[in-house]
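Structures incoming, each one as structure tokens.
Both complexes shown next keep subunit A, but they swap its partner, so subunit B is in the first and subunit C is in the second.
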Partner chain A sequence: MVGTHLLDALQYVFDPLTLLFIVIGTGFGLVGGSLPGISSSMSVILIMPFTFSMEPVQAIVMVVAVYVGGACGGSISAILIKTPGTPEAIPTTFDGYPLMQKGQAGTALGLAVTASSFGSIFSAFMMMLAAPLFASVALKFQSAEYFALAVLGLSCVSSIGSKNQARALVAALIGLLIATVGIDPISGVQRFTFNKTFLVGGIEMIPVIIGCFAISEVFENIETYYRRDATVQAGRVSMKLLKFSEMFKMWVHFIRSAIIGTLIGILPAAGGTIASLLSYSVAVKSDKNPERFGKGAYEGIIASESANNAAVGGSMVPTLVLGIPGSGTAAIIMMVFILHNLRPGPLLMREQPTLLYALFLGIIIASVLLFLLGRFIAREFARILKLPYPMLAAFIIVMGIVGAYSLKGSYYDVILMFIFGIIGYLFNKFQFSIPAFVLAFILGGMAEKTYRQQLIISDGNFLGVFMRPISCIVLIASIIIFISPSFKHILKAFSKKGELVAK
Partner chain B sequence: MKKTLRILALMLICMMIVPVFGCAKKQEFPTRALEMVIPFGVGGASDISAREFGKYLEKYVKQPIKPVNKGGSGTVEGFEYALAQPADGYTLFELTTSVIMKESQSAASKKFTETFDPLVMMMTDFQILCTYKGNEKFKTADELVTYAKANPGAVKIAGISAGAADDCTQSTVAKGLGIKWTYVPYTSGSEIKAAILGKEIALVQDKVASILPLLQSGDLIPILIFADNRVDIIPQLKGIPCISDYGISGIPISWRCIAVRKDTPKEVKDILFKACSDTFNDPDFKAYKEKEFLNIMDVAKTPEAISKVWQAELKAYTQFYKETGVIK
Partner chain C sequence: MGMALGFNGILIIVLSYLYWTATKFLDTTITTDYWGGDGFPRLVIALALILLIYDSIVTYKKLQRNKRENLQEKDVFEKPGLKLLFTGVILLALYVVIVEPLGYMITTALLVFIFMKAMGYKSNFWALIYTVILVAATLMIFGYVFGTSLPRGIGFLRELSFYIY
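And then the complex of A and B:
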């Protein structure tokens, strides 16, 4: 049975025309992903009209290739100009940009592509081997478990990025505060909107991240422009792959991040962005020298990119098995299914198993293509770095404006982007951690909403989140993670005291 | 020098007059592309249906339709944008019940129903109340009423966002059934489906096209149809009661309309109205709707009927917000 379906799928996918569509799709995704205004979901929307006249398998394989390309493409701009091209690539900037400043942009890009490719291939295998099983696991994740995951992500603010823990904590609290702006998710009342209609919908993630990362960096560079040679990276950037033995040393990071990415991708209320943030948090937390992160650690890029691409295969699992899209982009891919008269749901997999295999092959081919196309697109993208800095700065700002505006066609988002550019600049100046701020901003809303949902469901039991096994384990782990850095300090202080007394 | 200036000025005047004469020639409206303001972000269901309608409408107005997404502030930004455009018929406005809801909260600078006229109700949808397979407490609407009366507030029901359409619908239905349930707001339809399949909540309301695969597979069981008539043409919904069986009416239904500014010249409005109703009856557009079950509740076909629906929903929302204390 399985053999014949796989053979059928091979026949469909290795059709020359279908292969061509996969190449186009992957390339399109990579380019779209690398532009801040065009996220993976936007790329899929843009390519959707071209798929109407295709065969269903061709159409689906092509849009999935766009998704794979988009999830990887975000890293190109994240590394080269500190602007995450997609929200999934936020953690890639943490270590990717410092590497680029050190003149290792090629290595960073190579790592990002390798990790992306590995992540999506891993998740494709998981999807094919155990989709129904994973889908049932996904249903075990309800509001209590989502809350626990958000807390797990938040717990790493105590050691992310900045040396100054108190300031990192303050930055995280500001992030949490900003996440509360808009309509209260549970009671529906307006909070911190100051009677301004544009604040009612809350503050969007895209203008905040473009402002905090890209615009603040531009401000900072403008400040130091006359004092340093800004054309230092004007050399040709080409993607460099590490030796296999060097890669192999970091196998733990590749596999762990791919697992986290796949699992988070499966959850309907969390997509690639939360996957890469959580994976990065776990990578920092489990490392012996967490201080290395944020300064150009290879593992940071792997953690982020492997996870966000693994989320691609993961998010297709509930889409196919239950008809519940695992991410925003998966929701649009589901629309492509529907437009071809395929309605994802429990019955589809039984009736059309060939589709699953075709999808699997599509993801794998697109992942391999990332190496070829990624090398080319990254090189072309890197040409802009040869521009004199004032022009590059203008280019980054224009891209940022387009990115913030295209989200909803709202001028306010552009203003917000500049406001957060200034906030980010001040944060950098006074060493408040931007990663901690962004992490709290993204996860804060999720933590609040899910905790309050859980409160309603458990009839107001404040400890309800500890009553469910998965959430209880994750929460206890988060608490340990959170207090461990300060605990180490206390232990050190105690042992020093002991030594003094002994002397 | 003076001469040259005079000639230049003359040329300028001529250039300004030519287009005026062009207009005076009584060229049939429309002579250029139309804008369709979509008060939602790109890629959502409301955005896609508006674009789909626009695609067919192009055939009848013989001009391109440019979709303009203004998704800010829960439709308010899109409404304000459409309101600020000249009333020449070149700006169409897509709306859903959310716009009426915002009007009841006086969220925008002007009232929608006082400034816009309906052209067409492109499509309608209806929602179904479902529970999960193997729910031992209730399997039918009658059992639900009995159980909920015995255990007020114990049944958890999911909907999308707080204080919005789902919340209002459910509070109206609960009042009509004489029961109390606890509303749990979620952010998206996919979260809700995961919550009911994971048995976190017992009841969910969702649009038919979106939930049908789960009804077909038997994972969810339909209990009650949130519409005025039963829907026997869908096999899974055969024999399932609707709210009017319980004497409930006047709940906001799901629809998507196209509107144009009220002060648009009448002849322009007539042209637009004709084009819209031609599009509505276009066989390809009908086929698209049938596929998505967006045609079953099509009732309001004239502007008057559409206005009536708007007014009824405005009343329902105003009452709901008064009861919940959102407005005074």
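And then the complex of A and C:
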């Protein structure tokens, strides 16, 4: 029975026209993803009108291909110009850009595409094998579990981006504070809005990211421009794939990140950004030398990219099985289903198995296409690196402006981008970790809201988050992860003292 | 390190002001909301202040030690590059002020051209060509392909922009 449906799906998907749509979808997603301000969801929205007249299978595999391409495309600009094209690619910037500075942009791009491809394929298999089981577990997640996940994501803040742990923590706390700007989701009180209407809705992620990463980097380079070495020319950047044996050494990172991405993707409304941040956080904390991260660690790119693409397949699980979208983009894909008279939910799994297999195959083909199209798009995008720096800086600034503005059509976002550019520049100067700041800013809203929701549920019990088994385990693990570096430090100091006394 | 102390001081002042602001948030009407709207921000600020004070003490001690041992301190900012940096920041600040009335096309073209010249790019011809290409390309990609509504300016500039993007 399964074989028949799979064969039917193969026939549908390998139809030349459908294949062409998958190629166009993946390419469009990659380009959209690489442009700051054009998220995966926006790319899917833009391609949606073209799918109205298509067959349902063609339409659905095409939008899913856009989603897969978009999740990977963000890494291209994150690595090459330190501007994550999509929020999912934020952690890719932490290690991708330092690799670019070391002249290893091709390797970084190759790693990003390989990890993205692996993550998508892994999650597609998971989607096919255990979708109903995962969906039922995901529904059991409540605020306590979401809070625990946010805390797990935050547990690495003291280890990334700065040697000074106290300042890294201050940066993270400031990130948490910025996340509280706007209307409080529980009480409805306005916080830190200073009677400015543009702050009522809170501070958006995109202007903060572009400002902190891209604009601050431009400021830094302008300052040191007077002592530039004009003889150094940027070489041709082409995607380089590591040897299989080199990749195999990092298999743990590939698989662990793909699992995290798939699981987080399944959780309704969690999405690829949380998945990549959490995966990066776990990668940092589980490494023997966490100080390598943020300076060009291959594992950092793998953790981020494998997880954010795995979230694609993951987010399709609740969408297809329960009719509850796992992410914003999955919600838009659900619209495509509905426009073609297909209602996602338990009945769809039973009535349209061929369609589900086609979707599964679509994700796999799009993931393989990432290698071919990613190579071409990255090479073209990398041409801008050959420009003289005044031109490159102007390009980055203009992309930042358009990226920030296109979010809501508000020029206040452009102002915020510049303000965060200055903050990022000063944080860099005084060793306040920008990655920690951004990570806390993104996870802060979720952490506060879910903790307060749990407080209400548990009738004011401040330890209520420990009362549920999953959240309790995750929280204890987070605490251990958080204090372990300090603990090691103290132990080291004691053993040194002991040695001195013995001498 | 003296600069770092100064920066910490600025952060302490700003965060203290924000703490004071947070105390003015309206009280919650939800009786089961134990923390209220101000609980989380106040906790976060308090922790940040404690860490900043700790870091300031550590930095001050280091500063004193360096003075005693006559150790030369590395400058945080590179003075020769600061003039150019300020020019860049002022240009961007001006951009933010005039982008609404003048619209994306004119303002961005001005910014790109002046910015490149300020950074010492010599050829006027190539600077102009690059400006035109960059503005036209972003207008085409974001304005046409992705349908982003870029700032159009006011008055006749707004009317004019509808013919272009």
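Note that the second predicted complex is superposed on the first by the 499 of 503 C-alpha atoms of A that agree within 3 Å, B and C clash if a C-alpha of one lies under 4 Å from a C-alpha of the other, contacts with A are read in each partner's own complex, and residues count from 1 in each chain.
Simple rule for what comes next: a contact is a pair of C-beta atoms (placed from the backbone, for glycine too) under 8 Å apart; a residue touches a chain by one contact, two chains touch by 3 or more.
Everything quoted here is computed from the prediction, not taken from an experiment.
Superposition note: with subunit A as the common reference, subunit B and subunit C can be accommodated side by side. Shared-chain residue A:200: touches subunit B; no touch with subunit C. When the shared chain is aligned, subunit B and subunit C each come close enough to touch A:42.
In the superposed three-chain arrangement, the CA centre of subunit A forms the vertex of an angle with the CA centres of subunit B and subunit C, and that angle is 80 degrees when rounded to a multiple of 10. Look at A:353: by the touch rule set out above, it reaches neither subunit B nor subunit C.
By the touch criterion defined above, A:174 lies against subunit C but remains apart from subunit B after alignment on the C-alpha atoms of chain A.
Of the two partner chains, subunit C is the only one that A:389 touches; subunit B does not reach it. Of the two partner chains placed around the shared chain by superposition, subunit B is the only one that A:143 touches, whereas subunit C remains out of contact. In the superposition on chain A, A:409 contacts both subunit B and subunit C. Think of it this way: put the two complexes on top of each other by chain A, and the tightest Cα contact between subunit B and subunit C is 6 Å. Where the contact sets of subunit A with subunit B and with subunit C meet, they give residues 42, 184, 186-187, 189, 409, 456.
Listing the residues of subunit C that touch subunit A in their complex gives 3-4, 7-8, 11, 15, 18, 21-22, 25-26, 28-30, 32-38, 40-41, 44-45, 47-48, 51-52, 54-55, 58, 76-78, 80-82, 84-85, 88-89, 92-93, 95-96, 99-100, 104, 108, 111-112, 115-116, 119-121, 130-131, 134-135, 138, 141-142, 145-151. Residue ranges of subunit B in contact with subunit A, taken from their complex: 41-43, 48, 68-74, 76-77, 80, 107-108, 156, 161-164, 167, 182, 184-188, 190-191, 193-195, 197-198, 200-201, 212-214, 216-217, 219, 291-292, 324, 326.
Across the interface of their complex, subunit B is touched by residues 41-42, 45, 138-143, 183-189, 197-201, 267-269, 318, 322-326, 328, 331-332, 335, 338, 341, 343-348, 407-410, 412-413, 449, 453, 456-457 of subunit A. On the subunit A side of its complex with subunit C, the touching residues are 32, 35, 37-38, 42, 46, 164, 166-167, 169-170, 173-174, 176-177, 180, 184, 186-187, 189-192, 218-219, 222-227, 388-391, 393-395, 397-399, 401-402, 405-406, 409, 411, 414-415, 418, 421-422, 426, 429-431, 448, 451-452, 455-456, 459-460.
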